[in-house]
Every structure is written in C-alpha cells, then in structure tokens.
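In what follows, structures are represented as structure tokens.
Two complexes come next, and they have one chain in common, chain A, joined by chain B in the first and chain C in the second.
What follows is the complex of A and B.
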C-alpha cells in the first residue's frame, strides 16, 4: 500500500522538468502561432500568411528553377538524402562485416558522425569551393572547369544534400552493424546448406531481420532531414537567393532577423506536425511492444 | 603546536586575502567582430585602456550575425555576454528603444565627430551607442606592380573602365578581371552600393536607404541593366569567393582588381604596392563606421562607460596608427595615419560620405540583400527578380 502511494511521488521531479522545459515551451509556441505581433488572437491568419510566402513555397520555381521554397527544399532533402542514407548505411555495414580491417574502416567512416554539424557545414563549404575544394578539384583533374558548387542555385541544395551524407550515413552504418550481430549465424548456415545464393540470403534473411533497425534509421533520418539547420547555416546561409533555404533556417530568419516570434512559431508548429506524423508510428509500435 | 596553528592561520589568511583581491579586480568583456590581423590591430587599443585605467579587458570575437541571434534572448533574460559590444547601428538603436542599452547621452559630444556620425544611434534624443573608427569603401584596389607590369592605368571614364577590364581579361593566367569577395554577402553589397552611388548619385543612394524610392524604380533598374549586369554577364567579375581567400588570390595575381574597404591596407603584405580608384564619375563614397554600446545588464556600468568613452575618443587614435581605419573622432591628428590611409582619406575629398546601406537598413532586409546579390552574381539574367525581392523585403 505504502509502495503504491510512494510510486507516483518518484515521477514528480521528472514531470516537473518535462512540464517546465518541454510542455510549457511547446504549448507557448503553439499559442504564439495564433497571435498577432500585437498579441491579438488571429486564429489561422499567421499560417495563411507564412505558408503563402515564396520563402516557404515558391511556385515560380517550377518554371525558372531554384528556389522552390523552404518546405519544398526540405522534401527534396527527404527524397534524396533519406534513401541514400539508409542504403549506404546498410551497404557499408554488410560489406564491411566480413572484411579484414572492417572495424578500422568503420571507425574512419564514423568520424563524420562525431563531427559537430556546424563544423561539417563549414567543411562542406570549402569542399565545394571552386579554388580549393576537393570536389571542383576532381572536376579540374578530369579536365572540366571547376565552379563553387554552393554558389549556384542549381547545385547549392544538391551539394549540401550529397555532401552531408558523410555526416549522417555513419549513423545508419553503426545501427545496421549492431543489428547484423544479432542475426544468428545458424540461419545463414541453414540457408547455405539449402543452396541459397548470397544475394537471396541478403534479401530473404538479412534485410527482413533488420526491419526494426531500418524503421529506426528511416525515422531518425526523416527527423534529421526535417530539422536540418546547422549544415545549411554554415555552408550557404540558405543561399544563393534562397536556393538552399530550409524550414529551420527560415524559422531562424523570422525569429532573429525579423524579430517576428509569431511567424517563427508557425514554422516551428509546421515542423512539429511533420515530425509528429513521422515519429508517431514508431512510438505507437514501441508502446505496443512494451506492453 | 601553537606555532603550527599560527602558521596555518597565516596561510589561510593569505589565501583569503588573495581571493578577496582577485574577486575585487573588475574585468570587462569587450565583444567585437575582428579576428586575425584585424584583431591584432584592435587589441593594442584595449591594452592602452588597461594601461590608462588599470581596468582589465577581455576581448571576445562574435560576428554581428551571431550576436543578432544571441543578444535578444540574453537581454530578455536580463543578462549580457559582454560589457561593451560592437554591433550594427540599427540594432543598437533598436535595443536602446527597447530599454536594453545604457543611455550614453553626454558621454561624447556630437561636435567632436564627423557630421552625422552619431545620428543613427539616437532614439528620442537619447544616445545609445558610440561611433568608433570607420572604413571607407573607395573602389577597386590594384597592385601597382601588376599595373606597371602589364602597362595598365586607372580609368577616367566608364569606357576606359570597360576597356581596362577587357585588357585584364586577356592577360594569361588571369581567372577574371575583378575578384568578388564573399562572406555572408557583404562584399557584393559594397560593390553594388558603389555602382548605385556612382551612376544614380549620392541622392539616390540616400533615398534607397531611407526607403523613399523603390528598388524596382526605372532609375535603379537602369543602373543594374546598363552597368552592373553586362559586366556580370561578360564574366568580368569572378564567382563569389570567401573574401579573405579572394584577397590572397588577388594578391598572388589570379585576378586584377578587388573591390574592398580601406581595411585592406592593414591586411596585405606590402601596403605601398596598393593603388585604388573609384568608378569614374563617382560623387559619393560609402563610409561605414563601427558602433558599440553598453548593455543595460552589465555588472560594471561605470567601468564599461569608461571603456566605451575611451574607444570613442583616444582609442581611435591608437587604432588608426595600425592602418586600415579612418577615425570618426575629429580630434585624431592626421599624422597619426599611415601614409596609405592618408591617400584613402584623400579619395573622400569633394565627395559625399554615404552611410553603409545594408548596415543602416538592417533587419531582414540586410541578409536578403546579401543573399539576392549572391544570386545576381551567378545569374545576372535574373536581376528583375532580384530587384523585386529587394523591394518586397524593404521596410
């Protein structure tokens, strides 16, 4: 009886902290998004105003090219960066598993993951620099004319997306490597006795058994792509002409350049909604498994 | 036993006294944007203050872009990362208006400064900041030895300017006649402002800054269409390159000209090899001062006021001796300047000193201006769209 009474008390410190540092800011941000700068309740006017801005969605982009607006750019991150991250992470984990010195190579690959993203952004900026960058350097070696790829609207976003693979692929590689260790070797031995080819073993054993890991990698990468900020901030500041702008950076511009917390709150809420939609299935599944 | 106790008591007393003295030593934090060679030229100013007053000063580097994000949050929490902070004039005025900056009225006299130097720091008749030294953005810098080697001369007409660029473009090994410095985008804005002040006149520059004329106005459009865009299309400007890197590339001869502020004289190996010319017909030149203020939340307001007063007056004299800076404090003697800076100051003779447009307007327009010019530099055909965006973002 005493234990039953005491149990909730132990939750109190955590609940207080959550309420102060998570619940209150979230509720306040949502509330701010419905207020005018003067503090009047304006319902969804802020949402209509912000979402109709070319900084968020620019339909002219579909005729003349970049920029398309931060929302579309974030979707481009998802479409390109997400599958590449998942597949490269899995490929590296599988290939390096049986290779001699694979753990050393994995450690080197993992350096991208431990590099602070803001530093990664600065490195990316110089990586694509026409004069000293490694990528234009390769172009020069191949006889082409090197350009600063982050300076052109057509290539800025793509450069950041592809360039940032080394920052995030290690995450998938490490999770998949850990996942591979959990698959019993007997399963592979049985398959070999049955005459299964390496390819069919991968698609019929490895990949299905790594499904829970894939779910985590996909979800986390999805969230990473949605909240991407520091890499873009340091490498291009969303430019040129907004060609590499993303939602989190636009939120920063609203908050700290326009000093407009209401518009910034709208972008924050849009981001929160999108991340919740993605994270919810994983959370529901985890809750079910816990039960 | 008694001796031991006495010894321990003495040691404890000594430590306590030292700790108390250390706690009593006030150290001010001064935040500025300068690093590398620029910081080396600024630190002696702080050292001169320390020598004069005995107050210690710690220097920290923060870019204006980062401070604009950090300071509002810090001020809302009634705290500050620095006692004296260098920041944009519009930002200081805004913080003064919001009650986050100390009122410095009476600390310095208007009459002791270049005309209008303190105007942008005043709100409702109160002064919230001081003007430090300034930099002139006079035009295109060249190496005299480079011009001599290739038989080039500074132009006196627009046609000569275009012909000069053509000649430089044909020199073997030259990547582009003019190197375009890029940082967050401000070097490109300096070039653009120079074109506006030259071909639209100082009045147009002032009216655009004040928001009295639209960026889509035919006069403005004409300057872009007739002067800047053709040069960009003809690849007379390089693609944007990080500005310190651009400086090295230009100095080693990859490019012929570099549009930069007067601080360049303190950044090159041989300032005596520097030459500069404005666009032919320029009647106005941008003079951009650095500004500082004291946040209301400083723990040492009196000491901070002493430092900011020193920076606004005697400190300027120390700074200009290091090169690359022009004083806003009129009492700085001319012989304090290195010879090359006296030459820069001469360029101002007979021309209108204009305030830096993007630093004056500030807010969301400033990064939009920088970013749109980055687009213009690589996509000059989209100049109409650029001007429309600038007009839309204008306050």
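What follows is the complex of A and C.
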C-alpha cells in the first residue's frame, strides 16, 4: 500500500517542469494578449489593432506587390511549400527505393534535415547570392542578369519558400521511405497477376496505404511553415522592407525590438491558434491509438 | 526487356540527379570555406585557380567578435544536460503513464501531448520574465531548464509508446518477488529500453544543439552566446565574408553530422517511431 503512495513521484519532476516553463508561460501569454500596455483589461482590442497593422496584413500589397504582411506571407508559404513538400517527398522516396546507391543518396538528402535551420538560412542566402551563388549563376548561364534574389522585394519571399524545399523535403522523404517498406511485396505481386499497370498500382495501392504517413507529413509541414523563424532570420531578417517577414519573426520584433509584450502576445496567440487547429486531430488520434 | 532496362537506367539517372541537387549547396559551402574570398567571388564552381586553405576555419574558430571555439563549448554545456535531464524525467513519467492506473490519466496524457504543438513564441515573453526573476536569465542553466521542459512532451509520448510494447510478465514476476516500482523501473525496464532511449537522446540532442530562438531570447552576453547564435555574427561588417561564414556553418554542423553519421539508424527510428506507429 505504501508502494502506491510513492507512485506520484514518477510524475512530479515532469509535471513541475511542464507547469513552470510551458503551461504557465502559455497561460500568461494569453492573458498578456488581452491587456493594454498599461495593464488594463481590453479584451480583444489588441487583436483588432495588431491585425490591422501593415506589418501583419497589408492590403496595399495586392496592388503594388510585396510586402503583403507577415500573416499573408505565412499563408503563401503554406500554399506553395506544403503541396510541393508532400509531392516531392513521396516522389523522392519512390524514385530512391531500390535504386543502386539509393541509400547513399538518401543519406545526402537527409543531411538537409539535420542542418540547424539558422545554418539553413545562411546556405539559402549563399545559394541566392548575386555574385557567388549557384542560382544566379544558372540565371547568368541562361542569359539573364544575375541578382541577389533575397535582396529584392519581388523575389525575397519566393526564393526562401522554394529554397526551404531543400531543407524540409527530406523529412517527407524519410517518412515515406519508411512507409513504403511496410507495404508487403505480396500486395504488388497479386496486383501484377491481375494485370495492373505500375501507374494504377501506385494510385490504387501505394498511395492509399500511405495515407497515415501523408497525414503526418501534411500536419508536420503545416506546423513547420507556420513556425518558420530561423531560416528567415538568417537569410533576410524579414527584409527587404518587410517583404519576407513572417509571424514568428514579427512576434520577435514586437517583443524584443519594440518592447511591446502585448502586441507580441497577440501574434503568438494567433500562431498558436493556427498550429493547434491544424495539429489537434492528429495529436488526439495518435494519443488515443497509443492507449 | 530492353524497355525495362531503359526504365531502370532512367530511374538511376533521376536518382543521381536528385542526389546532385541536394549535395550542390553543401559542396558550394565546402568550396567557399576552403578557398580565399577573391578566388570564389565570381562563383565557387570556377577553378581557374584553386588554392585550398584552412585560413577561413581558423578565422571562424578565433573570430574577434564571435569566436566559435567558445560557442561550441557553450553549446555543449547546454546540449548535454539539456538532453540527459528531460530524457530521465520524461522516461520515468512515461513509465507511469504506461503502467499505473489513476483517474484523469487519459486527459493528463492528452494535455501533455497537445503541448507538443505549442510554438516557442508562445512562451518567449513570460519565460524571459521568469528567468529574470529566478536570476537565471543569461545563464546556461536557465536555458537547460527550458529545453528540458520543452523536450518532455515528445519524449514522454515516444517512451510511453515504447513501454506499452514491452511484455508486462517480467515486471509482474519481479513485483511478486517483492521488488518496488522503482526497482522494477531501474533494474528491469530501463535496461530493456536502451535503444529507445538512444533514439530519444539523439533527437533531443539535435534539437537542443540546433535551437536558435530560445537561446536568442535567454542568452545575450557576448562570451556566453551559443554556437548557433554566433553564426549571424560571422557575416562581417561591410560585405559578407563568405569564407569565414561558410567555415563557421561547417564547424557548427559538425556536432549534428557526427551524431547523424554514427547514430543514423537511431535517428531515423526516433523520427519515424514517434510520428507513425
């Protein structure tokens, strides 16, 4: 019986750390987002104010081009980066399966995954540099004028979005590769006997069986795109003139450059609302399955 | 038959093109790091003259404003305890979740799992204030505490899943023989889950080593900055000093690359294991 009374000790260290350094700060940030800088409770006024700032949403962008504001930039990141990551991740996994030297190539691709994202941002800046970078180098080879692509408002965000494929597609590839290995070869043999073409086998067998993996890749990429920070910080610092600014970076600017914790809290809460909405279904399901 | 050989060949070619696309940026970084700036300023792929040198690495290692030698030591001081503490704390709790019965268990577990989705920005301002009040701002210990708390949800989730796959009979037999919960955990369960612990440790170490945001907020004294924080400082004042900067990125990447090279199997297992069951 004494035994049972000691059992809470298993949980105490973890719960104390979580409560002090995760749960309390989260609650505190939510609370801060409802307060004016003077400390009065103003409900949703901060939200209305912050979301109407040009650095968050800038409707003028739709006439004149970048910047569109951090929130819109994050949505652009999602719209472009998410589908490309999922498709390229799957394509790479399929192509590299059973190819001579496939595991070597996988290791190379995977290097992008273990790269610190702050280094990833520097490498993207390097790749897009007007004189030294490979991408403008190719532009020159094709007869164009090479620019530092990250230094112009029209191309800064798009170069980062497309460049970050190089950093994040490996994640999709690894998961899909692992998923492909779990599909038993008898399934394909049976389909082959029935006279199925490789293409219909892919769409009728491979893809449906990989659905759980796709779900994970989509969710994790969604989160990655919403939380993107280091890459932008290192490559452009959100510039030029806010043309590649994103939510996480704007939060940092509000909190630690303008010393406005309330506006920063609003951005953080918007970010968390989005990530929670996206991730909740997957998290709840996997926690249930684990039972 | 010939068509088949042709498809195989084109698939091989495609695979190697993919490999090439992925290695070119690293190759560029490597080339820029071992050559003087004057030689690569019109593209690192030009080899009219080629004089390999270690000057850039020495420059980054002993950089006047942000020496990476100091940064690497500081990063290790955070990454090693920042891996061991949450691993231990989360593994114990995970065992409790896998084996003990108590009310509200599912809700508590679900809440902890949901914490995995919290963006770091959500804790930034309060965590700075808390650390300031505790006198731990700008100390490695404060950062270790935050990383430990931050790592718990996913390690707990991962380890709990692992514990529930272990056969319970051995533990029950030990209990019948009068072993306490703690003895069962430390002497029987823990030795059985070393592979899972290594997987978690590898992922957590990479995560802490690669982190930039939390360090950026909590550590600001020049001599205390971590390795990742020093990277942006290596850029140079008036023009980007690509040689030193790329050499610096390679030095910082050494830790994750070494861990990856030796423990790739565990890394991939950890990655795949906790996102798909």
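Here, the second predicted complex is superposed on the first by the 278 of 291 C-alpha atoms of A that agree within 3 Å, B and C clash if a C-alpha of one lies under 4 Å from a C-alpha of the other, contacts with A are read in each partner's own complex, and residues count from 1 in each chain.
Just so we're on the same page, a contact is a pair of C-beta atoms (placed from the backbone, for glycine too) under 8 Å apart; a residue touches a chain by one contact, two chains touch by 3 or more.
In this text, all values refer to a predicted model and were calculated from it rather than measured experimentally.
Visitor: Quick one: is A:132 in contact with chain B, with chain C, with both, or with neither? Answer first, second, both or neither.
Guide: Both partners, chain B and chain C.
Visitor: Applying the touch criterion given at the start, work out whether A:78 contacts chain B, chain C, both or neither, answering first, second, both or neither.
Guide: Neither partner.
Visitor: Report the partner of chain A that touches more of its residues: chain B or chain C.
Guide: Looking at chain B versus chain C, the one contacting more residues of chain A is C.
Visitor: Using the superposition on chain A described above, determine whether A:21 touches chain B (first), chain C (second), both, or neither.
Guide: Second partner only.
Visitor: Return first, second, both or neither, reflecting whether A:160 touches chain B, chain C, both chains, or no partner chain.
Guide: Neither: A:160 stays clear of chain B and chain C.
Visitor: For A:267, is the partner it touches chain B (first), chain C (second), both, or none of the two (neither)?
Guide: Touch status of A:267: second partner only.
Visitor: Is A:253 touching anything from chain B or chain C once the two structures are fitted on A? First, second, both or neither.
Guide: So A:253 only meets chain B here.
Visitor: Have a look at where A:11 lands relative to chain B and chain C in the superposition and call it first, second, both or neither.
Guide: second
Visitor: Who does A:242 touch here: chain B (first), chain C (second), both, or neither?
Guide: A:242 sits against chain B, while chain C stays out of touch.
Visitor: Identify the partner contact of A:147: answer first if only chain B is touched, second if only chain C is, both if each is, neither if none is.
Guide: A:147 sits against chain B, while chain C stays out of touch.
Visitor: Where on chain A do chain B and chain C both make contact?
Guide: 129, 131-132, 252, 255-256.
Visitor: Per the contact definition, I'd like the list of chain B residues that touch chain A in the complex.
Guide: Residue positions touching the partner: 68-69, 72, 182, 184-185, 239-242, 245, 249, 363-364, 366-367, 370-372, 374-379, 382, 385-386, 389.
Visitor: For the complex, give me every residue of chain C touching chain A.
Guide: 11-12, 14-16, 18-19, 21-26, 28-29, 32, 40-45, 86, 89-90, 92-93, 95-96, 100, 102, 106, 109-110, 112-127, 130, 145-146, 148-150, 152-153, 156-157, 160-161, 164, 180-182, 185, 206, 209-210, 212-213, 216-217, 228, 231-232, 240, 242, 245-246, 249, 252-253, 256-257, 259-260, 264, 267-268, 271-272, 275-277
Visitor: Which bits of chain A are touching chain B when the two form their complex?
Guide: Going through chain A, the ones touching chain B are 64, 125, 129-132, 147-148, 151-153, 237-243, 252-253, 255-259.
Visitor: Name, in rising order, each residue of chain A that touches chain C in their complex.
Guide: Touch residues, chain A against chain C: 3, 6-7, 10-11, 13-15, 17-18, 20-26, 28-29, 32, 92, 95-96, 99-102, 104-105, 107-112, 114-119, 122-123, 126-127, 129, 131-134, 137, 166, 170-171, 174-175, 178-179, 212-213, 216, 220, 223, 226-227, 229-230, 233-234, 247-248, 251-252, 255-256, 261, 264-265, 267-269, 271-272, 275-276, 278-280, 283-284, 286-287, 289-291.
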